[in-house]
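This is the structure I want to talk about, given as structure tokens.
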């Protein structure tokens, strides 16, 4: 169609003389790049945090805590109650014994390597079923601790973030000394931010008697959860909250993740508005510089539609370039960068990576497109409406 | 001064261009205001911490309670003027997401320790007299729409009652606030006696102690003396100043300050580009006019000054608007987020810093065009025209 | 008889154009008495604009001396020259060179910003200057709202507002039609005969040169007098 041909021709012309307008074009590109960079960086924190938390939880593991506890730390389960869970329907059995792990954790102070100040790290006591109830944990260095001894295994992420956790070293909490005998990995999930030991030893050291905070039970299948839940809730001796581990960790992740997004999205919107102003500025100046050229094209018979669209396309392309540049920098600089922060819900540190995911980058490109479109619209209209005769007279 | 008209008129030469630049500056400084206030909140009250108050916690972990018996021993330590205590209740109101600080305390000694909290005398008396009474800070009362006399049920997540229940009922006897605009009173206080009597476990313990150091005593020495007393006991203590205590939390948030700085850095870098581009276009367009000024007798430094002033003026226009709107928004935001993240505040220091940045950015954005203007050859410029 | 306002002795001006040296003025001598009105004519590139620039302290000679009103321009620094210009010279250009963002009054006021006069005093003097050129009723208009002739008159007002003794005009009527040009030239005559301003005018136009007292011809860097016809 004629109009389409015109649009293509004028757009090509615009782009070919872009080098003459390098200054303002570069400004527009960098403005958009900055927005996409900040957007990707901030939201990749939320993504990375969520990923760490959620990958920890599996669908075929149930976690049982005292009803109403908002997290393990607030919960309390007695030994008898743990046994009730072990014997409940829906729980996977390995021969005669149930695959469960009754656990409890305390928060201890360990120095963070990056700031050399104390941080709250979870110190968890586990039972022999702890590896089995979780899908993704494996020892990678040293050996498992011996029951009854003051021995600890540490998560790989914890070892990287916090000081003094190398295999073979000794660490002291309060009056007690502990030996670090091995390292485990859990596919980057939150378990890797923890220190683990025998639950009986932990109970003694922290005078918790025979109490736990939670019981993790491997389900016969993910469909067995309702059965287990019903059985436990019907039992008067226990007042439980039963949920899949995945659901639990999603809940734990929610506050911090929501907070990061609460900051991240408004920040991005505000920056985008700024970028639109910058893009508008660039495009207006671009149009005014091209004034005579546009007038000449009009005089030659190119319609106003072709001028309008070609200007908008130029603006959008510049913005897209900015989006790609910003996304690329975000990916190269931040993806995989390890960081740790305090998760209020668990009152302890969670170690996670920035995760610059494809969908984040695509969202960034959408933002760039929108900025480009808005930044080009009014200048494009002005360009299309340029009074031809007057502009030509100035030639 | 007398050059203002010239500078102002030149700045608005191309209205749309200047407006857009001013708007970009506006957005940048609005962001600056908001992020500064947020950063302030993350400092967790470090700036308002009282230098004479010390916090005593269990050495192993904050969440381990301390024996009640420690109170007298701490009070008896040399250099300690007064002692009080508080504990973390950790409940929620109606919905698990409605969490804020609730603390069982000894009313008389607690309010003595925190004189910045103000409440009408009758309300305080009523609170002391009512074993199940509670008082809340203004931010909390506003968030949930509570009035004095209301019945407030709080769901406990940690502290089940001895009777098995988890709902703790309180009567709201008073609403208090803090004089310091940087501080926060987003908390609820109730009677320790009630807490002690009705809780199912943990009797005879408190969460932490707060003490005031006597005039002239060295806080560090007093802190060491206290910790020494309880060394090698089942509950060893760690005593630090209130400021250090607050900081130990904010440090755990990783380097919030760094992240904020990096974001602002990206924003300002872009801003400088936009304004720099505007200024250089503006100068390029009026080379001949600047040459004429020189023929009229304006010296080279004067021309430099005129161009720089224009750049700074644009920054100030947008920046002051941005800071102003930011300040307004923060008043509202601080109120909204009080229960969740207290202490959002735009400090005078931050504002002064912002103005300094406006001037600095104005100079940076305008310096190259200004130098070009200063150095232009009158003859060449006029010949070109 | 009358004093000499400007004296040029052995003035040469050589420009470096890449590898070549171009001599625009060659050992030129010139004396301009006070109250004189000289027209300088000549082909393009003959150096007439350069001569004007030297008289106005906008350029320095490669050799020789330029003395205006007792000030030795060739030995003054840039900032000294700036200062000197503000009270001793008025320029009038072919394309007026008014600041488009200021009104006529404010354009005329510009040179006075360099003085210590109060705001009231500056406005008063600028109004007087506008009155002299006959544009008092256009004080609040912007250059774009004025005709070419009116703009040039504002430029003249600006040139005389700080009461300089010397007015330098570079093709002042080059962009105007015959009738308007004559108005401007008559105005220049008034400034010369009734207000005692010394005027040096560079022009292409022989009819414009007629308004001056005498005409000099500039060719290949030297000046020659030719009697006014």
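Things to note:
Residue numbering begins at 1 within each chain, and the chains themselves are lettered A, B and C in the order written.
Heads up, the rule we're going with is that a residue touches a chain if its C-beta (ideal position, glycine included) is under 8 Å from a C-beta of that chain, and two chains touch if they have at least 3 such contacts.
All figures in this text were calculated on a predicted structure; none of them were measured in a lab.
Shared contact partners of chain B and chain C are absent. On a Cα centroid basis, the chain most remote from chain A in this structure is C. Central chain by Cα centroid: B, whose mean Cα position is closest to the mean of all protein Cα atoms.
Per-chain Cα centroids separate chain B from chain C by 63 Å. Measuring from the averaged C-alpha position of chain A to that of chain C gives a distance of 71 Å. Spacing of chain A relative to chain B, judged by their CA centroids, is 26 angstrom. Contact residues of chain B toward chain A in the complex are 16-17, 20-21, 23-24, 27-28, 30-31, 34-35, 38, 59-64, 90, 92, 96-97, 99, 155-158, 160, 166, 232, 234, 236, 248-249, 251-255, 262-263, 266-267, 269-271, 273-274, 277-278, 280-281, 341. By the touch criterion given at the top, residues 23-24, 26-27, 30-31, 34, 37-38, 41-42, 68-71, 73-74, 76, 106-109, 112, 114-115, 117-120, 173-175, 206, 255, 259, 263, 267, 270-271, 273-275, 277-278, 280-282, 284-285, 339-342, 347, 349 of chain A touch chain B in their complex. Note for the complex: chain B touches chain C at residues 2-3, 5-6, 9-10, 12-13, 288-289, 292-302, 378-379, 382-383, 385.
Taken together, the chain C residues at the contact with chain B in this complex read 49, 53, 56, 58-59, 78-79, 82-87, 91, 93, 95, 97, 99-102, 106, 110-111, 113-114, 119, 158.
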